[in-house]
Amino acid sequence: MKSLERDLRALRDAGRKLLVPYFMGGVSENWTEHVEAAVLAGADAVEIGIPFSDPMMDGPVIQEAALRALSRGTTLDSICDDLVRLDVHVPLIAMTYYNIVLHYGLERSAGKLSSSGISGAIVPDLALEETEPWIAACDDTDVATVLLVAPSTPPRRVDRLVATTQGFAYASARMAVTGKSEGGGEGERVVRSIRRSSDVPALIGIGITTPDQAKQAAEVSDGVIVGSALVQTILNHASASDVESFIREFRSALDN
Amino acid sequence: MSTNNTYMNEPDDRGRFGEFGGRFVPEALMPACLELEAAFTEAWNDTTFVDEYHTVLREFAGRPTPVTPLTRLGEHLGLRIFAKREDLAHTGSHKINNVIGQTLLTKRMGKHRVIAETGAGQHGVATATAAARLGLECTVFMGEVDTERQILNVFRMELLGSRVVPVTTGSRTLKDAVNEAMREWVTCVSDTHYCIGSVMGPHPFPWMVREFQSIIGQEAARQLLEFGVDHPDVVIACVGGGSNAAGVFAGFANSPSRLVGIEAAGGSAVGSGSPGVLHGMRSLLMQDEFGQIEEAHSISAGLDYPGIGPEHAHLAQTGRAEYYAIGDEDVIPALQLLSEMEGIIPALETAHAVAWLAREAGHAIPSGSTVLLNLSGRGDKDVAQVQAILRGQS
Amino acid sequence: MSTNNTYMNEPDDRGRFGEFGGRFVPEALMPACLELEAAFTEAWNDTTFVDEYHTVLREFAGRPTPVTPLTRLGEHLGLRIFAKREDLAHTGSHKINNVIGQTLLTKRMGKHRVIAETGAGQHGVATATAAARLGLECTVFMGEVDTERQILNVFRMELLGSRVVPVTTGSRTLKDAVNEAMREWVTCVSDTHYCIGSVMGPHPFPWMVREFQSIIGQEAARQLLEFGVDHPDVVIACVGGGSNAAGVFAGFANSPSRLVGIEAAGGSAVGSGSPGVLHGMRSLLMQDEFGQIEEAHSISAGLDYPGIGPEHAHLAQTGRAEYYAIGDEDVIPALQLLSEMEGIIPALETAHAVAWLAREAGHAIPSGSTVLLNLSGRGDKDVAQVQAILRGQS
Amino acid sequence: MKSLERDLRALRDAGRKLLVPYFMGGVSENWTEHVEAAVLAGADAVEIGIPFSDPMMDGPVIQEAALRALSRGTTLDSICDDLVRLDVHVPLIAMTYYNIVLHYGLERSAGKLSSSGISGAIVPDLALEETEPWIAACDDTDVATVLLVAPSTPPRRVDRLVATTQGFAYASARMAVTGKSEGGGEGERVVRSIRRSSDVPALIGIGITTPDQAKQAAEVSDGVIVGSALVQTILNHASASDVESFIREFRSALDN
């Protein structure tokens, strides 16, 4: 078991609802300060986006963040370099698209991420059937491969996904790309289907926009991932302390 | 209905042609891809479906399209040239073959809506057409830049009852229209089919689209026999995603014919690309040193794509097919040549293939060779653009 | 090859269909008309020529065009409707059938140049196309007003190597283009053929053009049999000069089918014309009380003609065919109806026939009737105009 | 034999070269004064155009004249009314297109023209094969039907045309519509082909623009018809005396 799952299980088993915010690496000069502020405010782990030109699974907000990061010259290497400046003690999880790590080299990417302190990776266009070379490349590292489970995933396939995922299971609340938050979402149903075969930590993401939504999602799940809502504030030039209060609101909703 | 040949086989069970292809999509779409693969496999083995597909092609789309001997051009170039006339298919290009197959399959799967991406608008118009005929709802995603360049095709789609959504993300062209269609598909996959316009995307699309287009090559092979040609020395097609090329190649892959695909120099995935993953497939892509996808730039919107279908990547790698690039500057003279000599104004896409043929006659194509040119579409859609370019030159 | 039937016979030896037709041309042109009559009569009885004509139609022009069952429109209107798809012929309308015949005849007569008149440009593009294919010189006369309205068709003709001459006399539209082509023909008749675009002009043109277009009706009759239809209850076609109507009627004139021609209300020679002589023929014409020819006005340039072919005048007079008019206001809704229901955007000319069909279903056409609609051309050429009109309305 | 032929033969046999100018009826308020001036200057007969909307056999000059006349409301009737004012003693020959007389009624037209003092008619789109009803309609009148012979007319057909024409034979000098004057013209050859079978007066027309051309044409023919060149001066607002001197130049070229 890689450290990511161990860390998250420990927190979960201690009764804590997990809060995992998403940041786009390189989106601004001071992006690492935002990460630090979030951790200060109670984030249990952090997702760090490595931008890709064609983010098929992302809505307009994260697309915009990726474009901004790319126009600042952001690369996998530059993000890893920035991480040196980062002083936090929660797990870091990379989120990117397959072509980025494929082009960098699978083993080389895994090694680089791992040596930069990253302990998980979410690659949303890497389908279960295609995931093996990547998981193999991560084998010798502490990088866990986190898989998504969708509302459309049929039960037998949920079992296979859950058996393969590492770190946690990412339960999509919606049939949608990141940022869509209309309707109640199906995160609870997805989490229940995960629970049928595994007690791996299950976090709900996609469209968790308000502390209230987070609280509700955490009633059945082990926690939430907050992406576009947070990235939007950063696109609007949030300061580190803005980020801190944003996260604090979620934290307190989850804790009460 | 499988083409059943050694060089253009069915992909393996992960949807690979050699090392290319596969299925690189979000989990949310995987069930739909699997469902589609099952549905297509089953339908394609059901003579009722295959008969219906052929009936609609015949009664509605105008198939078989003829093979035309290009006598004057042939004399001019010292070759024996035949053209497969996809320009005469309903809506003006080969794109209709594919959408007829996919829309019939959509109905069969019990879905009542299709979405599609389009660049120049040919695939969008074809999809809107087939959807209208079957009473399916249709939404077409088109880069905002392209909606402005191709305003009349937008209106054609609207006349056909489709909704056209301008895509304002990224480079606002074809590549982004595909992204946006994929994003939309995630939200509506239960009742909506994504009707991809070329031999690209996740498995089973590259295979399925090739199968639906292989009618081109099957017909051409039969028709050439009537001209006493067992197989042409060279088969030439332009390549954007590669569907018209795949369709015509399928008829000759197991013959001794040379198969030649012509890319636009500014969108040349074989010539200047490298392996990568985009839009659900592993293939050859134009990308920078960090794996960011480059924007293609071509005089013809239909070749303005930084990738190529995975089976072409495989055919290039194995050497069964050859791929060359033609620069923008050679395209208009080729369009004029075919127009003046044969009374056929080709699409700018097709004109790339004509340009290579004209350039290589007596060189890469030995004098006296028999050539089959896949005339993938008509140039009516491009006439205003050509006029503007020629005006700018004079 | 004669249609050999009771109702659409060969004209008499002065070129008359009943009291209409004949040859009213300057003496300078009479020898050419007589030569043409002899050459056509001889060629049309020569299987070598007829075979070549059919070969070019098949290999180059995409014949046979399909007959498409219009299932959804039929359900909507309570009819069984079939469409003969001339929109799928090369260059987008039935006009190509005629020009292929006439250009082959031009070569056979040893002439090396053709001239033609054109309104919207369809016949001009078709002539330029056939001329390019045979390496004939081609000059097209087009009213200056029309060259401005149809700038892209002008450019298509130029791409095909033809010269387009804007006609600045009279109303500067189709009628004047015919006058000007006739005037030009006088000066070059020894080496030039005047390729008239419809079943009009002096004998032998109305007969010859009908013969070259009767392939439409012959094919349709045969194709309908495959659908189990011995003859449709009603055959409908739009009528400008009347060539597509004559072509399709020829296949059913001796059947019990009702033959219905639809004119534009603003160019309705049967509905609001009277007998007269224009452009070499005696026919029905729109004229004022002094015999001055009136200008036609229609939303569709191809129906913008104040006369009608003499054989139609005869069919109207004998009652074998019926002619009705459709006003501009009903044309665009009909175009939209066919586009949305069947995925076929018709030409504005053709949309007149659709409009009458939609209006009279359950009235002049009893529910349950079987109808053959001659889909004379595609609407691509009209899309910009339709868009402008719809914009103006909203 | 109708009066037109009798009159022209008499002049011809007296050794005179015939000069026949063309005027568009109704082209201006004072068009009849132009006719009178021409006769005064030595015209032997006058052609009077009755305008038609679609003058297929005419070049730009006469087309323009026809349009002007039509826009002034000119009709067959109005021209006949104007003729009452005309005080000349040479033959008048109507030139129009078939639809005008057809629409007016063939017999009615013939009667009207005849009673207005017109003794001939040229209907250029009325081919030999179609001419019979018109000739029959003129039978009871003094209106002669003048036919054209073209350079393209084959010999046997020339014979038939010449056998049918009344008044004179109109020898087209060119394969062209009215007004074209380039090249030498083939009028002489046409006249010779007419002469093979008949001694009917033969006049050359189409493109006789200058007195010199007229003189040359009259060397083999019995005279000339002058159309577009004259009509052009009238479109340029020539006065009656301008017309008079225009015709005088032709007259003197023919007489010397």
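As written, the chains take the letters A, B, C and D, and residue 1 is the first residue of each chain.
Convention: a residue touches a chain if its C-beta (ideal position, glycine included) is under 8 Å from a C-beta of that chain, and two chains touch if they have at least 3 such contacts.
This structure is a prediction, so every number in the text was calculated from the model and none was measured.
Student: Roughly how far is chain A from chain B, centre to centre by C-alpha average, rounded to an integer in Å?
Tutor: 37
Student: Roughly how many whole angstrom separate the Cα centroids of chain A and chain C?
Tutor: 67
Student: Pick one for the touching-chains graph, please: line, ring, star, complete, other.
Tutor: Shape = line; chains linked end to end, path left open.
Student: Mind giving me all the chain pairs that touch?
Tutor: By the stated definition, chains touch in these pairs: A-B, B-C, C-D.
Student: If we count contacts the way the header does, which residues on chain D are in touch with chain C in the complex?
Tutor: Touch residues, chain D against chain C: 52-60, 63, 67, 70, 75-76, 97-100, 102-104, 124-130, 147-154, 157, 161, 172, 174-177, 180.
Student: Which residues of chain C touch chain B once you look at their complex with the stated criterion?
Tutor: On the chain C side, the touching residues are 58-60, 62, 65-69, 72, 85, 87-90, 92, 128-133, 135, 152, 155-156, 159-161, 335-336, 339-345, 379-380, 383-384, 386-387.
Student: Could you list, by residue number, the parts of chain C that touch chain D in their complex?
Tutor: Touch residues, chain C against chain D: 14, 22-32, 169-170, 175-176, 179, 182-183, 186-190, 275-280, 285, 287, 290-293.
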